[in-house]
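Just so it is clear, A, B and C label the chains in written order, and each chain counts residues from 1 on its own.
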Amino acid sequence: MGIAQGVKRTLMPIYSGLKHVFLKPYTVKWPYEKVPNLPDEGYRFDPKAGIGYPGSKGRHMLYMEKCTGCGSCDLACQNIAEAITMTYGFDVVIVMDEKCYEHFKASTPEIVGALDAIVSSFSAEPSYIQYNSLSSFFWTPTDIRQVIKIEGGYEIKLNLEPIFDARAVEILYQKVYTAVEKLRTAGWELRKHEAATESASVELSKHDFTVKVLVRKIDMGYKQNKRSLFPSVDYGRCVMCGFCVDACPFQALEMTSEFEISAISRRELVYTPNMLAKRPEELNVTGVPPELNVIERTRMVFRRLVW
Amino acid sequence: MAREEVKSLEVYEGGPALTFSMGPQHPGTGHFRMILTVVGDVVVRCDPDPGFVHRGEEKMCEYKTWITNIPHLERPAILDSAGMTYPYVLAVERLMGVEPPERAKYLRVIMAELQRICSHLYWLGLMGVFAGHATMYMWCFGDREYLVDLTQLIGGQRITHSYFVPGGVRNDAPVNVPKELMKDFRRYYRMMLGKDYPGGEVPEDFRKYALAVCDFFDTRLDEYYPMLLDSSIFIYRTKSIGVLKKEDAVSLGVVGPVLRGSGVKSDTRIDEPYDAYPYIKFNVPTMEGCDSYSRMMVGYYEMKESVRIIKQAIEQMPEGPVKLKQHPVTIRVPAGEVFASAEAARGQCSIYIRSDGTDRPYRVKICSPSFRNIIAIPHLIREVRIADVPIIYWSLNYWPVECDR
Amino acid sequence: MNLSVAEDVLNKLVDDLREKFGDKVLEVIVEPKKIVKILIAPDRIKDVAQYLKSEWGMDYVKGVTSVDLSRLPSKAQDGLEVIYHVSSLSSDVLRGVTLSLSTKVSLSNPIMPSLVNIWKGAEMHEREVYEMLGVSFEGHPDLRRLILPEFWSDKPPLRKEYVVPGRER
């Protein structure tokens, strides 16, 4: 042994490493190139057979036409990550009576000021975020010049897409209440304050004017889900175990192979039922990035041709 | 350096002692502190201080139901989530008095062994880093990818699958492998071994693909031996460092590769066989060297045995159901006490459960392998050089999160 | 390991202990698939442990557990049960068997003799039980906190009277 073994132990590692110098590299330029090792199908569960189908446990996919709003997924998650909350969709509207509307048309400063305060506080980022609150982050403002005539008055709808939350009063507190506080210092009187799960409203009055901010539930119009109650998932908490999928007795919840869930703020990680109902975009190769120089681009194209 | 040699260094005797902390910022893997007392650069005393990643898993178990305990119980050792949930699932099954279907037993064995290989590759790769051998790290992680992909095809996730449930497993293995993965594996095969995949096309059938990956990995393991384990750098760094004698190993109650590296042939898979292990032939590798090198070699040979187990399990796996029919989330477990053990990657993991007949456990105690190995740290890190501390520490395959739970 | 063989050996072991220690063996559960538990009065636990180690070759500690019995729905007791899960590596017959040697101490004054002198491997386990359930082991060489932080000043967290904040049921 002795010297021969010593030489072998010194040279063999070098030799086995050197072999790899001349072989083709393997690096994948993610995210421009897709990492090709995911099962395409998502994890599903068959409640009749009581068995799951193999697949990726990525972000969820919600079938709104199957979901009955029973809350089994919520219950299953209560003990795991508390990521799922059952939510309603809400509209926020400003309701004015006829007299008030006449003054609004005539640009009476008090009315215009009040409406301006409400709209701006609604559009602003909420000043504080309730612990464990789930108000959806994405909403599109409407054209607030569009005034709809209703029975005994007029209303202005503030949001285009529904805002999802577990309780209506949360939206009132987070999105409208700053304006109410401001208006009260300006002499407006808070007359009526209704705070319930499915609807909430604030009525403000000054002199003869009465303005009402109403948060009302949207009826989604699904036959099997009369209450329009759907799960929202907070991906800041979800551990992707898939027990919510197992718990669903109607196969309304599935998982997909999408795993690139990232956001700039934590509120953007809350996926509303409308977002969950959309299929994830195809996780395709994004193509050769334009910011690379010519040599790099040619090499990337060439590599894809070779493989 | 042998302990006798250090003892003979008279120059350090009587010198001023210095006490300092090593960690808690990652002496290896995870937040863990060793309070070292040194004279010169010889460590005379080591006081391990775990608890920086304590999560109270045992208390948490009392608040969650029997099934919902599974996702958080695998968090202490995410590389080896099957090994951590295995004893829990066995314990609950024994309390309920049920037996999983045959196919589920084999699927569990395949999953547990795949995760054992993944965990050991992590161990071996980081040992390469600790011993100044960075190539090994790259190799281990590159090859680990294809084994992780196999677990992902079965369990749906890369590491934390929540795959085992009392009464079976959650889903069957897939039938086919995605086309892109086959292509990718072929490319990797060519890159690593320098030749095309024999026969041209990688099999599409899942069983055959898994066997192909196992064969490939076996070939790669043969290359690891001259690269790291038989190289002079590694041997000089690990031979006769951190010697844990056989009788000490037994009396201290260490587990897993640490125990087997000291020459004790003890393995839960043989001693108290569970699930499909009685039907599978495999050896329990032991080494008589009792030092860091022996422990690493035990880990290396265990990977070879795991490959053998996976191959046999895939071939022997019968058709049939994989799960008992029961409610997927809420089950009730009769009152009683149970102590169940399974062989996790780092050694024997045992769970003691006391049930009071409700939907939650009354008390769950996790005897995790790393917690049982922690007592070896003050025993071994004494009268050694500071430079040998990381080697000894990591040769124990100590995982702080698993220890703290 | 064959379960029927193990059951025979364990029954022999239990008979032996009963003969030797008489009424100090308070309760015996022998269910080889689940648990083999022997409940001993705390004043003789050290002798039993010594006897098990020298005569039966029980030299390998798998874990030390303690259970707070105060909220058991069936028979609530004012006490902590301390359990040593021990096994043997030297004897081939007892290799796959785990014997749970247990004793009961009171909740208000949880003191029991330490078994570290007999089973060296129990050192860290006893330290953990000491901080998590407040059992103090007399004769332990180094009874300090192990996992809990230095600033912890609440009750021992694994006792049932400690409730996790925000998790009151």
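The rule is simple: a residue touches a chain if its C-beta (ideal position, glycine included) is under 8 Å from a C-beta of that chain, and two chains touch if they have at least 3 such contacts.
Just so it is clear, the model here is predicted, and its values are computed rather than measured.
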item	value
Distance-to-centre winner among chains (Cα means, whole assembly as reference)	B
Far-end chain from subunit A, centres as C-alpha averages	C
Chain centre separation (subunit A, subunit B; CA means) in Å	38
For subunit A paired with subunit C, centre-to-centre distance based on mean C-alpha positions, whole Å	50
Gap in Å, rounded to a whole number, between the CA centres of subunit C and subunit B	27
Interface hub residues of subunit B, defined as touching at least two other chains	63
Complex interface listing, subunit B residues touching subunit C	50-51, 54, 56, 58-59, 63, 94-95, 250-254, 264, 266, 271-273, 335-339, 341, 348, 350, 352, 354, 356-358, 362-363, 365, 367, 371-372, 374-375, 404
Touching residues (chain side subunit C, partner subunit B) in the complex	1, 29, 33-35, 37, 59-63, 65, 67-68, 71-74, 83, 85, 89-90, 95-96, 98, 100, 119-125, 128, 132, 146-149, 157-158, 164, 167, 169
Residue ranges of subunit A in contact with subunit B within the complex	6, 8-10, 12-13, 15-17, 19-20, 23-26, 34, 36-40, 43, 45, 47, 50-57, 72, 75-76, 79-81, 239-243, 246-247, 255, 307
Interface residues, subunit B side, partner subunit A - complex	63-65, 67-68, 70-72, 135, 142, 145, 149, 152-157, 160, 162, 170-174, 178, 180-181, 183-184, 187-188, 190-192, 194, 223, 226-228, 230-233, 235, 321-323, 325-326, 328-329
